[in-house]
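A, B, C, D, E and F label the chains in the order they appear, each numbered from 1.
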Amino acid sequence: MTDLVTFGETMLRLSPPRGERLETARELEIQAGGAESNVAIVANRLGHDAAWLSKLPDSPLGRRVVGELRSHGVDTEGVVWDPDNRQGLYYVEHGAEPRPTNAIYDRADAAVTTLETDELDLARVRDAELCYTSGITPALSETLRETTADVLAAAQDAGVKTAFDINYRGKLWSPEVAGPACRALFEHIDVLFTAQRDAETVLGRDGDAETVARGLAEDYGFETVVVTRGAEGALALHDGDVYEQGVYEAETVDAIGTGDAFVGGFLAKRLDGGDIAEALQWAAATASFKRTIEGDIAVVNPDDVAGVIDEGGRGISR
Amino acid sequence: MTDLVTFGETMLRLSPPRGERLETARELEIQAGGAESNVAIVANRLGHDAAWLSKLPDSPLGRRVVGELRSHGVDTEGVVWDPDNRQGLYYVEHGAEPRPTNAIYDRADAAVTTLETDELDLARVRDAELCYTSGITPALSETLRETTADVLAAAQDAGVKTAFDINYRGKLWSPEVAGPACRALFEHIDVLFTAQRDAETVLGRDGDAETVARGLAEDYGFETVVVTRGAEGALALHDGDVYEQGVYEAETVDAIGTGDAFVGGFLAKRLDGGDIAEALQWAAATASFKRTIEGDIAVVNPDDVAGVIDEGGRGISR
Amino acid sequence: MTDLVTFGETMLRLSPPRGERLETARELEIQAGGAESNVAIVANRLGHDAAWLSKLPDSPLGRRVVGELRSHGVDTEGVVWDPDNRQGLYYVEHGAEPRPTNAIYDRADAAVTTLETDELDLARVRDAELCYTSGITPALSETLRETTADVLAAAQDAGVKTAFDINYRGKLWSPEVAGPACRALFEHIDVLFTAQRDAETVLGRDGDAETVARGLAEDYGFETVVVTRGAEGALALHDGDVYEQGVYEAETVDAIGTGDAFVGGFLAKRLDGGDIAEALQWAAATASFKRTIEGDIAVVNPDDVAGVIDEGGRGISR
Amino acid sequence: MTDLVTFGETMLRLSPPRGERLETARELEIQAGGAESNVAIVANRLGHDAAWLSKLPDSPLGRRVVGELRSHGVDTEGVVWDPDNRQGLYYVEHGAEPRPTNAIYDRADAAVTTLETDELDLARVRDAELCYTSGITPALSETLRETTADVLAAAQDAGVKTAFDINYRGKLWSPEVAGPACRALFEHIDVLFTAQRDAETVLGRDGDAETVARGLAEDYGFETVVVTRGAEGALALHDGDVYEQGVYEAETVDAIGTGDAFVGGFLAKRLDGGDIAEALQWAAATASFKRTIEGDIAVVNPDDVAGVIDEGGRGISR
Amino acid sequence: MTDLVTFGETMLRLSPPRGERLETARELEIQAGGAESNVAIVANRLGHDAAWLSKLPDSPLGRRVVGELRSHGVDTEGVVWDPDNRQGLYYVEHGAEPRPTNAIYDRADAAVTTLETDELDLARVRDAELCYTSGITPALSETLRETTADVLAAAQDAGVKTAFDINYRGKLWSPEVAGPACRALFEHIDVLFTAQRDAETVLGRDGDAETVARGLAEDYGFETVVVTRGAEGALALHDGDVYEQGVYEAETVDAIGTGDAFVGGFLAKRLDGGDIAEALQWAAATASFKRTIEGDIAVVNPDDVAGVIDEGGRGISR
Amino acid sequence: MTDLVTFGETMLRLSPPRGERLETARELEIQAGGAESNVAIVANRLGHDAAWLSKLPDSPLGRRVVGELRSHGVDTEGVVWDPDNRQGLYYVEHGAEPRPTNAIYDRADAAVTTLETDELDLARVRDAELCYTSGITPALSETLRETTADVLAAAQDAGVKTAFDINYRGKLWSPEVAGPACRALFEHIDVLFTAQRDAETVLGRDGDAETVARGLAEDYGFETVVVTRGAEGALALHDGDVYEQGVYEAETVDAIGTGDAFVGGFLAKRLDGGDIAEALQWAAATASFKRTIEGDIAVVNPDDVAGVIDEGGRGISR
């Protein structure tokens, strides 16, 4: 049995070296990156069997994605291979104050945007303990919006717990579209992750994190709501109780993927049987550790996370 | 006044190091490449003012293309900037016998495919001495098929000579579509370049190179027809006379762009006032020289071409 | 069920760039490489479920090995993790005539050398269709010599076919030790691969390839004997019939791993249900394709092998 | 018509990777860099037609310089090609506290040091709106000292505004030589840029920035005097009015070229018709942005500068 | 005559690029590193003839070590070449808060661990002015424990001053073993270096640095005791007098080797005839400078150290 | 005592990657290279104590040269440090048929060009067994022409054998200057190396190699004359006897330095006490081996040379 099944797009990410701009670059690093596979990777690396469902072009580029996910132990048997459509890409130019890190998406017409429910082997969803996707998936196409609803409903019907991160991307859809689309999925969701900022932008939720969490839990019946607040840490509401977790300080090498590492750490600890407080701690530690690593992917092991929690500090181990 | 104006798509080309496969690559080299800009670059480097007309996304990627073309002296003032559409890409995995070099195109919906005639400043065409495009351009979209016809017609109407290379790409269109599309443009063309193989595949022309050239000249009234035959050299028909040119041997580092270097060398010599035999010789020498350079672009100077013609052989100059 | 299970050591391979010597290098490429995992990778890439059994240090280096094998789809669940011993290494300096390619092994005391039978989950062997190892495995330690015999016996007892490549390495053991050690394993072997040179050096078999094959089949009752003869191709003896296969020409980027690619291609085709002639053809084509790729690993797909067989020749696919 | 013409030397800059010293380096990055071309590049990138006048060796190295400047849109048609003399170089070893960044010049006998007035097409100066050079140019040779005076005088005579940055380099000349040489040019200058430190070292001007600016304006009749004070920002005096501008904070990747970016931003905004306060703001923002980019060159676009002014802060744009 | 002779192991150090983890690396930088050769290098670079005694495999890897040491001027004539044993390695993964820098040793059975006294040319020790080793050497094997004692005794008997750094490595031995082993060497030592932390862990010395120093000097009769306290600087006790030295601030690129740079700077200044206060200052300045350089080795010159002492501050020198 | 002392210039060599042109390069490899130090390196690597005399700038660049030579064991104590002048450079663009490898020298005003006899410690020459320089040294400046004569005369007076390679470089001087300059040195020379082509160009010697050798020996009294004929091998005349040696075939990675490797191999074998035939064989084998290595320097060991002689062929050693 799979512990965690995730569903979404994984792109190839192309980045010039630090200090160089895309428009003068000669070499780009290439790596796989996508919110849902990032979460699956963390869950795997922290000791769980995680699978990823998606659709990829049947090409070296699609195989490039699968190869990298498999190297971290992710089960990719559920990938649908597309003979026609393209591989989604994104470009990342690493910033330095005051130059922002810039992500340029080139994911229109990616194979995954055509993924229909009946192409998927839903048994892979029904056999899992937990099913995860993020708001990026329904943002990618009308087709995916329907498929996402079907996947989450299938999980729910089979008694599989579901988790969802709003993960709002202004370059993909507007709040006016995202809001109703996300709300339509909420009936199928047990665990909701949202940045406080997204809760306001997309769902129109004002107030402090606790107010937001309580309001959402009340309105939609979530079992757990986790609200992240950037450098101010995270808050979780579960069974009416509130849990707070600060941020572990980090020297940031690459901030992209931090949110996914947080979700992955949280879900992995929950799958371990950890309580909400422990899950938040693993979430925060995994997120902090991720920041020190180039690329979307949190190349992390259980000892690494435990080390952050135990010591926080750095040094040389010899 | 511009000596040569070319019109077409320039992509960004992404390649892993030699001996590596795309599906396991970690780094890709990035370079601009496109048949028509390759020709413009050669013309510029060999001493002429050459311009390139196209449409690019108004993004770091589009500016990446323009920056590289400008570095070789190409006038890019006529580029139309597109706020919406994407930059065309292609991936090249360098082969080694028996593994073929593999080009994977990712150029659907590139900005240039939406380029309509009235977006272009046709004065840039009318002010040139010579106008060039290749069969790749009309292959890219219906819109471009019309725009290509309009550009060539505008040149013709203004008394600007026109040159066209069939440049058939089976990954872009079928012979059934390409044949009529190319033939529809022939009325506007003065100088036709074609691989003998393309003449057969696309235009259904059998027989030896001379037969092909004479047939085409007769049927469409071309001033010059140049038929290339790979390792067997090229043949030109001009004013009824036949000229033949062998190939200069080369140690091939990168074969892509060889055909464009050939065309560029030919047109540059013609713009110099060279006769057909001289133009063929410059074409062959430039093509040979190109093969020794990584990337689509023939980074060549007049002395380099003259050196190939004079000596052919290599050695160390010290 | 696993189609193929292989058993042996995988090292990390460290190589300086071409044209550089180890003793002046500043950067080394690192890749996983080992005869048995190389075979498992090929089988996987050509469409079969292949697993690899071994023992690795529980360290970033051991995980480095597993990550790379998994990226090619190999099942590494059967790896035994060792808290104490080291990761085997080897250094490769790429040669150029007259400078030989030089492999320096640093594999003494590698974790795998301590692997005892009862650490292994032999159910993974018994559940496979085919079990493979090479003469390198028993060469590594006394312990491994026993474990190898146990693994092959377990396979045999469970009705799993077994395959073995002599794969003689003079830097690991002498013919005097290797000969008896290999012969002691032959009773458990169905399919024997041997270089003609190894048959002479290790087993003292003179004569042409057919003589060698017939002699070995007669003396040890092998179902199939495959004798490779470098550039002169391979010969197989099966059910008394002889099959011959020439070599597909290749521009060699990296010769290391060619033999493993041959075995992998052969076994994959047999697992497909191919006959001996087909298996030899796939073996030769996969081996030829491997030569064009940097590293031990044949990054190959079924279409690639079919392409070599169909066309042999190279070119540019666009 | 050209908006801005600049005049000076551009070197090739050679740098080892960060954290490495020149004396143990194996690889050097190569980039073009020179105060006046740096300014021309910024002006071009921010929307103006800028040209650069100089003399370069007619060699791959000279063409390397021109290619890079052209990639940023700079008009290099006015470059004089020298068959004999060498290309100026400089080496930069990036420092880290307490190790200083070290620039080693190797520019003696560079082609530009032999540039005489009558080699130049002064029409290119007379046709511009603004003419810029820095104190580095007259520091390079006696010949250039005269040519610089001639160029500035030609501009002045043609009614072209002139701008000059003291840009004192102690490795090129002493204050005793630089002082009179600069003062001799002041009669031709409309806009003077000076670091407060240079004003003291070279011109013997004590007191605060305003005192320095007022003194210089009074003594030499400058239309505008801009005094920069490192981390304390800049002060401009124009028509008797004083304008002050703070520094935008930056995470410094490469400090070299910051002053040129400042000048380029200032002049570009003035050419846009901006007032002194706006020009100072663009100067400061462009300078800050430059610091985040490896190399001498401010690879900047108008939106980037506007972004610094609007937000200052960094983040991830997605 | 040699000024300084050092004795110990030098490994090859393998590191992935910053921000990458060992378990996903594709390229490793390779450099020589070892406490005693690091000290010899600093002494050489700061103007003294320093030699290094050790044993290395007679292989490209052993020659790789010698080549790098010689490039910094170290006399390696006293190296014993071993036909059989291996080259010690260590892997360094550079950390970033909260991820620690991780050193993984792979030095078991290195050639040096078999080095016996009678293989060494002790005349090289007896002819020196000063002899240095660290606690790492006796930690590597029983054999080396004896050889170390013999080398130090030989120096002492010949009237050569001896210096020793405890340099405790918990991955090599326990305090229970290290304590007696170090104490057994103390009778041969004139100058002792110890981190305050090591004095407590290994020697059980509590109290502040001065207390530790006075206790050790009293108990073992050291001429000089230097106690380092990380960011709090160092304290030396010499002839009953106490000297203190703060730390020069540094932007740390690579902390490994800082302690060796400290020792090297101290000993070099003492060999120059400097007093204890001067030696401490050079030690601190060299250590600070080392931190800005990638790798174990302090690529430093006398002017660099003087620059740190004179100015401390950074900037751009041009 | 030094076995071999060589005298000449060593430059830093800057090369773009293969397949790239200098005028578009972004990265250059940097390595030390110079005819006389190349010879000293080979002699050292093949077992002799070799020293190199020259003058270098007292800068990181000069130290870069010395560090690399020392890494190969060359004694650089005799280098004169120059506070003022520059480091000589040369650029190498690797060619591929029909594009020639191009060397661009930037060595004018290098420190070594100012080297006068009284700056040198001639005892280092007088204490050697053999003294070597090439025709490049006197080509560099008038001063060096005199110093070269003085060095050779000092050797001769001290009974030190002398060797000289014409090594004609058309980019440094004309045959009209080189001829008399070389002839003026011949009275001090015992062993002359010359390419047959140089003998004709510089010395006006026609005829086959033997005729050339006999003529030169007769006219100038050389003990040994070695005439190299490219792919046709070499001929030596010694004591009236003629010895011939063919070329060992090689896959050429970098041809530069092949001639120096030849001389180095020859002199090393002679210093070993080998006869002329043996010396020629080592010369040819070392030259062949050098061709397989990137850079000027023959990174070669005695076993490598013996391997070429014994086997010639390549393969994989494992």
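Simple rule for what comes next: a contact is a pair of C-beta atoms (placed from the backbone, for glycine too) under 8 Å apart; a residue touches a chain by one contact, two chains touch by 3 or more.
This one's a predicted model, so the numbers in the text were calculated from it and none came from an experiment.
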item: Mutual neighbours - chains that touch chain C and chain F alike; value: B, E
item: Superposing rotation of chain C relative to chain E, computed on C-alpha atoms, to nearest 5°; value: 180
item: Label of the chain whose CA centroid is most distant from the centroid of chain A; value: F
item: Cα-centroid distance, chain B relative to chain D, in whole angstrom; value: 39
item: Between chain D and chain F, centroid-to-centroid distance (C-alpha), Å; value: 44
item: Computed distance of Cα centres, chain E from chain A, in Å; value: 46
item: Residues of chain A touching at least two other chains; value: 21, 23-24, 26, 63, 67, 71, 102
item: Chains grouped in pairs wherever the two touch, ordered by label; value: A-B, A-C, A-D, A-E, B-C, B-D, B-F, C-E, C-F, D-E, D-F, E-F
item: Contacting residues of chain A [partner chain B, same complex]; value: 14, 21-31, 59-61, 63-64, 67, 86-87, 89, 91, 93, 102, 104, 106, 108-109
item: Touching residues (chain side chain D, partner chain B) in the complex; value: 63, 67-68, 70-73, 301
item: In the complex with chain E, residue positions of chain D that touch it; value: 17-21, 23-24, 95-103, 105, 169-171, 255-256
item: Touching residues (chain side chain E, partner chain D) in the complex; value: 71, 248-251, 253-254, 285, 288-289, 291-294, 299, 304, 307-308, 311-318
